[in-house]
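One chain, chain A, links the two complexes that follow: it is found with chain B in the first and with chain C in the second.
Let's look at the complex of A and B:
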């Protein structure tokens, strides 16, 4: 079967669900990686992309109570709970810019609140945009957008339009977790469901807001449920062509209610990256998010189907609360060096991959 | 940095994995170790089977016999070690470390592997090679060296130092020529939080799972080098 799948993948044809599962179960990881690499190199050659971004988490107070989460606090008076004022959030960006750092994108995601006015979020976007008008604001996962819709009584489209008018440029891919309702009920029962997550992205794409997509793997899901997740994303991409990148995220077990489960191994992570590249033939980029994968595995993933290393990040909190051992920031030159050391050509990109610049690694 | 070589990660991986499986009947080994340090201090997790000693620590421990009397059963030799014969005569097991560094030229590595191979050929008590990063260990660079070690020493144990490489990269090495995980494998580990957040310790079960997930049949090695019943 592998040879037949190989030919199909090499021709860029969509693989069936069964073929995706068969790839995932293929016993030879390196052979699987070589096939994913073939597809990756057809699209991107030796290039590996990164950007200079800043993560800002405006609040970690969240009503969702997801068992997979190590980051959130339920109440404002709990130890470690925080909410940034508008001035604090914008101040984080200003501090970077005043220090002479290049930041081309702000990545903004946070907890689900019911006690903040919607203007807090629109002001956050417009405030950051005003601080650096050329910057791309990639903000609010579909889960947050759907939550805004529920709390503020506006349609998803109106919420997105309001944020777009404030300066929102694109949506991150978070909150997808795993689409399978069986798993979702156990790991994130209070988040929007898969149909709602997909519908937010469909609406965003229709409004001209591109987005990313993620999958959290390694909690309670089966291989079939992973592949089903990919197939659903691919179907939406066929419909809208609005996804820029897919980001497979291994579950980090420390400090959350699922902590007795082992973290996906490096081999499993590379397998997931490779299958993602092969099944999602219509999503341009597969990201090896170094914060989550760890630097050695992320670097290796550039030969297993991934073409993007994510960015400089700065101040990542969500994965570090869950035990991630990676640094909280990587300078662009360091990312370029790691990419070059993998035998790839580092290319700095903007959020939409419309401006590319080769960087000496 | 592997820029001066033709880079064929997948080809090297395929060849290395086949050679590993052929050389070790499809098995992958794991061995928990504690390090005997100067002053007689044991460093490493409870429940680790083996007590190892670095060649560099032997003078401070009072020599090989003294280390042996303090429980050392395995010596981690340096390349070109002058004590290989003494270790063999003492009936101790040994691995030989192969230091490597990001950006070093390929001939440098070839020389180091050749040196290790000569030691292995001369002293059968030296069971394997232990690639040892000097400074940062990145993914591709490390996998490339493991594949090269397997190609040069098809029947030897090519061993992952888990304390230095970590369990993620360590497991990947099993797909690129390594056949053994060695280091802080204990009976239990604490959650990796706070001061413990950088702990490299994994449990016996986790080690076995890592080996199995890499497509090899997990076998636990005991302190004397024998294998636990599977």
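Let's look at the complex of A and C:
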């Protein structure tokens, strides 16, 4: 079975659902990784990409109450609840720039609110853009976009057009979690469903807004549900070709209602990275998001199918609230060093992967 | 003339082939063939100097005997010629008739019956009557070449080599050259190894001749010699042999024997490769167990792609060990003192002797730690300290006797630097110190303090610690006394690939000489809080590269431990696919590395989960790597 799939994958043919499951279950992890690496190297050679980005979470107040989340507060009067003013948000970016740091992208995602005007969000985009005109704004997961559509009574397309007009460059891949309705009902019942998530990305791609896609694994889903998730993403990509990167995210169990279950082990994470690379051959990049994976696993993942290390990620909050032990920020030079130590060539990229620059590790 | 006695089974023919057919040692050896029991008698009665014998036959005088390294009749699973045959499943057996020709197999079947939970009556019988005795619920232990012609007649065939491997996870040694300790020279050993080497090359002809004489299928005979019988006698085989002897002694089936020891043997000389092998060729060869030269080791380390290195190491692991099992141990690291005179730059644990903040554990503190260890299922104490100038040999002897008298725990300690210090303090030779410690209860030595076994690096990071030669000499002497040890390497001190391979090469050379290393454990230097600023690459990818290279380069050291304590559980787990076959210890306590920033904790349950998630079955082991 493995050898047949191997030949098919090496030729770049799309694998079936059953083949994806069989790959995931293949006992020999290093053999699976080597196959994913073959596909990865065919596409990206020795290069491994990273960028210099800043995470801004404008608010952690959220009506969704997902069991998987360690980050949100339900009400504004709860301890730790916050809402950034436009000045606060722009101030975070300015502080970095004034300290001489390079930031080429702002990653902006937050809680679902019903009490803020839509202009709050368009102003955030245009305000951040104005603070550093060349910067890319990657903002609002499909879940937030769909929520805007519901709360503000405009079509998804109109919402996206308004944000695009304010300076939005691309959409992050968050909120996909696991598409399977069975699992979604238990871990994020108030988020948009899989069809709605996919439709937001379809619309964005049509408007010329590229995006990423994620999958949260290690909650309540089966292996089949993981592979089904990948297959659905692949189908949309065949239709729109708008995804830049896929990011598999292991579930972190601390401080949330799902809790009390072990985090996926390193072997499972690498397995997931490898299967993602092999099933999603039409999505250019597979990202090893170091904040979530941890540095050793993220570095190793560069040999198991991943070609992107994400970025400097100043101010990550969501995973750290869930127990991630990784640093808050990694300077670009440090990322380049880690990539080079893995035997890869570090390449700094912009958000759309249209500007690439080799960096000495 | 050296008088040699051997059995004349098919499986012994490759061992004696060079003597009988290759013209080797005609002026040096006189070889006679006899029944197994007669060979043992001949050795004990001093009518033979060297006999091809089962190791359980040495009796209480084992210390007077030595083994020829590198030559044995062993198995790694199915052996094919030590079988329990019957008409009924083993649970229904009322009697097992025992072939009188092999005492070792008789002991083995009795041990296995206990493991299987069956209690048949055992009834010894002559070799020639044995097959006819198999009737109804009476089965028989059938050994030797008879198995080839009769096994197919019985519906129930239990292969004892396979059963042993499934029970203990180790190899089984049926026979080896045993002789009186002062009778056999280095040249004799070399010639006996050469005889086997010639025999291994002639397996096709040996099988053909044997099949013709006995009316058997030559292909069956050849497959037996190539696939069932495993002719090496190194560290992995010693682990299996010691496990058998101690289990048999514990069951009262044989007398307790001392440790098995080797005659000094010459290091096997490796033929230099005739032409430069490509990286792919090197990896393919090394995965199958072929030896790498120093230059090839450096080349693989610097040039082989990580995943290729990993796959080759994974294949090598699967060939060396039961392919789907990863072992671990429950033990406790007890640092009995932190006072130390060696002042290593990289150490964050020690306090200079005579200064505030030093401690020596009291008996009560120690007893409490040991009792906790036993309560948590621990089987061993890893005992290491600082090099405390106030503590002499008597302290350790008392300590070990106290531990042994009160707790069922193996003592894995002390490291070479501590042994060297005792030798100086007491003005005793290193063997004398080791002998006294072993007599007091020390079971094995940890391989700590090796860091990088290259004096260029050592003089920079630990100038007061023992030199490379001294470290190796302590291990050599320990191995000669029958003590086993591990070897370690700490990298990330700015050493070059050549330094790394030098380290592996020195260990491999000593292993060729003594077969005393059970395992190798590399990890990267944990710099936080030490006096050495971290400049070197100690990232995950480098660790995996070192691990995989170690698996391939150290062809004769059976076990490779991943070091989750220092590298973290995630990397430890990934290491199981880069050559590691052992997850190390569910450590109840660890002080030295914790002081330098590594604070990982895993219970046995966590460890088992990580092993399973990597696709392996976890098995608990002791220091001999015997499943328990």
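By our rule, the second predicted complex is superposed on the first by the 361 of 361 C-alpha atoms of A that agree within 3 Å, B and C clash if a C-alpha of one lies under 4 Å from a C-alpha of the other, contacts with A are read in each partner's own complex, and residues count from 1 in each chain.
One rule holds for everything that comes next: contacts are C-beta pairs under 8 Å (C-beta built on N, C-alpha and C of every residue); 3 or more make two chains touch, one makes a residue touch a chain.
None of the values given here were measured: they were computed from a predicted structure.
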{"item": "Partners on chain A (chain B, chain C) - clash or fit", "value": "clash"}
{"item": "First (chain B), second (chain C), both or neither touched by A:102", "value": "neither"}
{"item": "Partner chain(s) touched by A:356 [first = chain B, second = chain C, both, neither]", "value": "neither"}
{"item": "Partner chain(s) touched by A:338 [first = chain B, second = chain C, both, neither]", "value": "both"}
{"item": "First, second, both or neither for A:4, with chain B first and chain C second", "value": "neither"}
{"item": "Common interface residues of chain A - those touching chain B in one complex and chain C in the other", "value": "27-31, 33-34, 37, 262, 265-268, 270, 294-297, 299-300, 303, 338, 341-343"}
{"item": "Complex contact set, residues of chain A against chain C", "value": "27-31, 33-34, 37, 262, 264-268, 270, 294-297, 299-300, 302-303, 338, 341-343"}
{"item": "Complex interface listing, chain B residues touching chain A", "value": "1-3, 7, 9-11, 13-14, 17, 102-103, 137-143, 166-169, 171-172, 174-176, 191-193, 197-198, 206, 209-210, 213-215"}
{"item": "Touch list for chain C against partner chain A, complex", "value": "305-308, 310-311, 314, 324, 537, 539-542, 544, 567-571, 573-574, 576-578, 609-610, 613-615"}
{"item": "Partner chain B, residues of chain A touching it in the complex", "value": "27-31, 33-34, 37, 254-255, 259, 262, 265-270, 294-300, 303, 323, 325, 338, 340-343"}
